[in-house]
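So, here's a batch of structures to check.
Next come two complexes built around subunit A: one with subunit B, the other with subunit C.
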Partner chain A sequence: MSSTRRRPATLRRVILTVAAALILFIWAFPVLWAVVVSLKSESEVLAYPPSVIFEPTLRNFRDALTGNLSIASSLMTSIILATATTVLTIILAVPAAYAFARLRLPARQGLGFYTLVTQMIPPVGLVIPYYLILNRVGLLDTYTGMITVYLTFSLPFAIWLMVSYLEDIPREMEEAAYLDKASRLQALWHVILPQIRGGIGVTTVFVFLNAWNEFLFAVQLGGNRIRPVTVAMHNFVSIEQTLWAKLAAAALVAMLPVIVIGILAQRQIVKGLTVGAVKGGGRR
Partner chain B sequence: MSKVHVNPIGRRTVLKGAASAAALLAAPAVLTRRARAEATIGGDIDWKQASGTRITVGVIPAGYFQNLEAVLPQFREISGVDVTLEATPPGQIRQKAILDLSSKTGKWATSATDPMYYPLYVANGWIDPLTDFLDKPELTDKAWFDYDDLLENWRGAASIDGVPYGIPYEGEATIQIYRSDVYEKLGLSPAETLDDYAANAAKVNDPANRLWGAALRGFKGAGQNMYIYPSIFLAFGGKWFDGDKVVVNGPEAAAALDWYVSLLKSTSPEGVENWNWPDIADAFSQGTLGSYIDTHNSAALLADPSKSKVVGKVGFARWPKGPAGRRVTSIWNWSFPINASVSDKEKAAAWLFIQWAGSKEVQAATSYGFEGGYKRLGVNRTSLWESAEYKGLLDGIGAGLTQTTMDSIKEDTDVDWRPRVPQWAALGEVVATAVQSALVGQATPAAALDAAQGQVDGIMKQ
Partner chain C sequence: MSSGRAHADRRALAAGERRFAILLVAPALLVLLATTTVPIAFLIWNSFQTINLAMPFLDGFAGLANYRQMSGDPAFWHSLQLTAIYTGSTVVMQLVIGLGLALLVLQIPRGQWLFRIFAILPIVLAPVVVGLFWRTLMFAPNFGMIDFATRALGLGTVNWLGSPTPALVSVIVIHTWQWTPFAFLVLLASLASLPEDLYEAARLDRASAWRRFIHITLPLLRPAIVIVIIMRAMTALSAFAAIYAATGGGPGTATEILNLYAYRISFTQLDFGYGSALAVALLVLTLAVSGFLFRIRTAGSGP
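What follows is the complex of A and B.
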């Protein structure tokens, strides 16, 4: 390549990097601001102009985790809820999506559409029916009830997402496995699953994130036993005042599990992109 | 709040592990609170009559309920009732209570209730008349509880046709709060009329030096712009009813909304239409507002030197008079009704709790008698408002706070501050939306209210 062609390429890279940094900053700013606020005292938070030099304190984190408004037990509740929802969703969604993608099901189109329709109902319209049903079966304010409710919106979404990944896997790969006398389940496990690990990673992140951030159902269908962080954090927004510094500290602590899941899933997503048997293959 | 009382979470050991971890964290708090509890209470009744009953009480995250939770171990000891408070954000507590009451789940034996919801609850038979409890000597020691000592207007707000349905626990009056130093420097006195108020604000307003004239709640919704607008509307001579018809677009309404909009547009910081009460109090505490009209409760924050830059520079006055010659304060309090669909045993337990929480002893113990830093400023009894201890607490925040608030509660309260109809929840939303659309300039006040009237008519027909 000649040097005349390289210069525009370098310039392009610089522009792209700057643009990416700018866009990233827009998204990162609120988080960075929360970090700064969480290290300030409540009175410094309101100071104008905002103080840049201040004595950082970890008191807010201590108060958020052990104070009289502690979110510690709620954090555990959220972890149990989101993890159980995610694991169950993936276990159920992968075979269901496989069936939609591969099997000659009667009314396949209709069923697929029906799965999606459930996503079109605004969640607020479901609060009352869910409340009545859970009340009837005695599952209000229980993990079982809450996880079941979360599955009703995570499953359709996960199935719909996984179908698109599965449809991209060429049938020939499975057929090769059948020639080697693999059963359908063996083929799914040994041949298909490694190919869609990226898709599973993406789905896991979305499902976990949705369950983690859920507020509406949690506040109405939960209670003293099931009180995830999204609800518990409202204790810092009391009727008299908003405790911004403690709220920021609590929010940052609540972000950690999501970040961990994101990093873990990202590895699978990258592997899924690079390990594939047929790169760039599929039906697109 | 939930973590203090860790409930058995589930069957699985994993979950038990989580619960015991939480219990460990919470243990020191529980122990110290228990140790402090001196479980005595007056009242010549059998406090143990509902012993062993479990009830849950819905409340909101607020200092005044946290204080109640701190002394709750005393009630458990006195009554043997296992009561837990469930803190639910103020934006959701009403829906949650309605869900519980309408589907007869009986989750909350009682919950902190907005006075405006009594017509709806009573019309549907969701809550019990308290005469069933107040008039039974085995349940209530009338001489000791002294129902008539509860502030009259608050009692009235929790009653329908003279029948009590709720016992007020905490409440407030809306008052003018102003910077006495700034007013003095500019030779201003607190506003007597709404015109004065706008004129004062205009004189104080100096955005270049980060001082704005005044601010009122601008955010849309119940307890937000609908906490302010009804007072202005009535002060302008507005009437909610024309016969049986609810009217929101009369000429007084348009004039009231016009006053509200032009005050905020000309003398409030930008973005005030999204401000909530804590935002206003925060701004005032940082010295950037000349005045605001809001709950007397917010004054507590202004006396806290760790958060406030205006300690000792605060004055108080009643709501200014409107063109109709009236001062109208909000009527705001949280009261406890009894859920009609819980068992008799739970009703008795709930009544014991309500009676205990509303008693003079507990009101004092959660206010000036409280050991923690935050002391309640909205107790429910005339005798307490007149006591030297309580006056000392309020006037310590700023001279004249007790008198101003008491006068407002007695003189400026209108029990029909908002139209007490079962449809209010929906009507309030419609008016709130109209007020905000005028505040943000989407529509003129008159046009916004005309549009609202159409929706109001539709709702009332249903």
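What follows is the complex of A and C.
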């Protein structure tokens, strides 16, 4: 697009390419290096200066999935936790966002502002009261407690994101269908939902990623029975201080789902990040 | 049109729509009320109590004691100062580097997708894993690549996470590394959507590239920049996992931003009353900063 503005001179092009390559390298390096380290044997890892040529082994990955250092059960916990949070969030957020974006909702501004404020609550402000509350009602270290807490960050975010998608649908779409309550619901289901599949997809990806990556709530309100991969990784380092090759392998396994989702849903993620910002102030 | 009846129909329709709207938002808002507002109210209530899980016999109403303690607590002011340094420096660096990169990548005719894919990588990683990766693979003495690089350059070993100032620099670098791609992606998309014809006109007027940037690009980018600042500031203010994993707030309290301080007071010292007061301070700070930034944003989009 911008290349039509001006033809870059050769030197300029070379400098740009080198700078660009350097940046890509910096972004990718910690993960690429983790891959290299994860393929080393424990003795190879300790070689200094770090070796680049060595005989790769998959032992560390086997140990990450089986045996006493396995994080397999934590993977399962993360899958359950992130999936349940995502499903609940979408079910609650989509109708609410629809009402915010397209219906004559009483006190819309006030309620929208309220939703926005709930999104800004620092997690530490929630983990302290939640510890006391869940402790009292016996829900510490349970899925019910954890999913409830996860809704605090996923729900406001999902409503906020879905509103921007719903505002983009042409209004004529559902107007014809507005007659009574029954057909309103049908309009939402048959007319609106198919239009916002993309937006629901983007929201699903974000909510899932955020739930998968959450650490503070998990380490303090879960931890034993409910131990998602983020907590498992942290424990790994505190217990197995110097098993760095095994740590790298386990961390890569723990992050594999989000890395795969990130690369596959790259377009959707960029869209989700930029929605609103690119539209420029017009959302609220 | 028989106006009376049509009018009544329309009003009935509008009333029906309102009821329907309330029905749709009610579940989500009730859940938000129960899961966020009630705990926050409890937090504020607790901040006026003495709650110490280690000494429960002292528990009771404390009035303003926790807040008085806060105002005279050097550790609190220290953590507040660290929060300001951490938030300010990471947001500025993300913005400057992200914008520079976006302008640079826009000049590259091919392979922009490559940048998008690589930029996604830090963003999707869990902050706790990012903290662990940097702590071990990058900063660890005799193992990490940064240690290796400084030695190779003849600078010797720096105990990055083990001495106060380097540790603070390190956690700032880690945060900036993880979140600059966000600023980059948002600003790249905004730059790509700017109207081309304005630039044509400026070029005909022989405006220099710098002048075009200052007088056209920056003002048009303003809404996106403010959004980036708001979102990045919110993330920095509630940053926890990466610092916790990399330094645990240490050495000593060298990287203990307010967030981590409130956490330690509550869960290590078990002083939930004072911890709650500290969390309330962070909440107030966060809302004040975002309120201020949102005001800037609406002030700019006036005419």
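Everything below uses one rule, namely that the second predicted complex is superposed on the first by the 221 of 284 C-alpha atoms of A that agree within 3 Å, B and C clash if a C-alpha of one lies under 4 Å from a C-alpha of the other, contacts with A are read in each partner's own complex, and residues count from 1 in each chain.
Here is the rule we go by: contacts are C-beta pairs under 8 Å (C-beta built on N, C-alpha and C of every residue); 3 or more make two chains touch, one makes a residue touch a chain.
These figures come from a predicted structure and were not determined experimentally.
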Which superposed partner A:I128 touches (first subunit B, second subunit C, both, neither): both
Subunit B versus subunit C as contact partner of A:V207, first or second or both or neither: neither
Partner chain(s) touched by A:L155 [first = subunit B, second = subunit C, both, neither]: second
Touched subunit A residues, subunit B compared with subunit C: C
Subunit B versus subunit C as contact partner of A:S73, first or second or both or neither: first
A:T118 touches, of subunit B and subunit C: first, second, both or neither? second
A:S43 touches, of subunit B and subunit C: first, second, both or neither? first
Partner chain in contact with A:N235 - subunit B first, subunit C second, else both or neither: first
Which of subunit B and subunit C A:M146 touches, first, second, both or neither: neither
Partner chain(s) touched by A:Q220 [first = subunit B, second = subunit C, both, neither]: both
Footprint overlap on subunit A, comparing subunit B with subunit C: 46, 48, 127-128, 131-132, 220, 234, 237
Residue numbers on subunit A that touch subunit B, as the complex places them: 41-43, 46-48, 65-66, 68-70, 72-74, 76-77, 80, 127-128, 131-132, 135, 140-143, 219-220, 223-225, 227, 231-232, 234-242
Subunit A-facing residues of subunit B, complex: 1-7, 9-10, 14-15, 18-19, 21-22, 25-26, 29, 56, 60-64, 66, 84, 86-90, 92, 95-96, 99, 103, 105, 107, 210, 277-278, 281-282, 285-286, 288, 297-298, 300-301, 306-307, 374
Residue ranges of subunit C in contact with subunit A within the complex: 13-14, 16-22, 24-25, 27-29, 31-32, 35-37, 39-40, 42-43, 46, 51, 101, 104-109, 114-130, 132-138, 140, 142-143, 145, 148, 152, 177, 181-182, 185-186, 189-190, 192-193, 199, 203, 223-224, 227-228, 234, 237-238, 240-241, 244-245, 259, 262-263, 266-267, 272, 275-276, 279-280, 282-283, 286-287, 290, 297-298, 300-301
Subunit A - residues contacting subunit C, complex: 1-3, 5, 8, 16-17, 19-20, 23-24, 26-31, 33-34, 37, 45-46, 48-50, 92-93, 95-96, 98-100, 103-106, 111, 114-115, 117-118, 120-133, 148-149, 151-152, 155-156, 159, 178, 180-181, 184-185, 188, 209, 212-216, 220, 229-230, 233-234, 237, 244, 247-248, 251, 254-255, 258-259, 261-263, 266, 269-270, 273-274, 276-278, 280-281
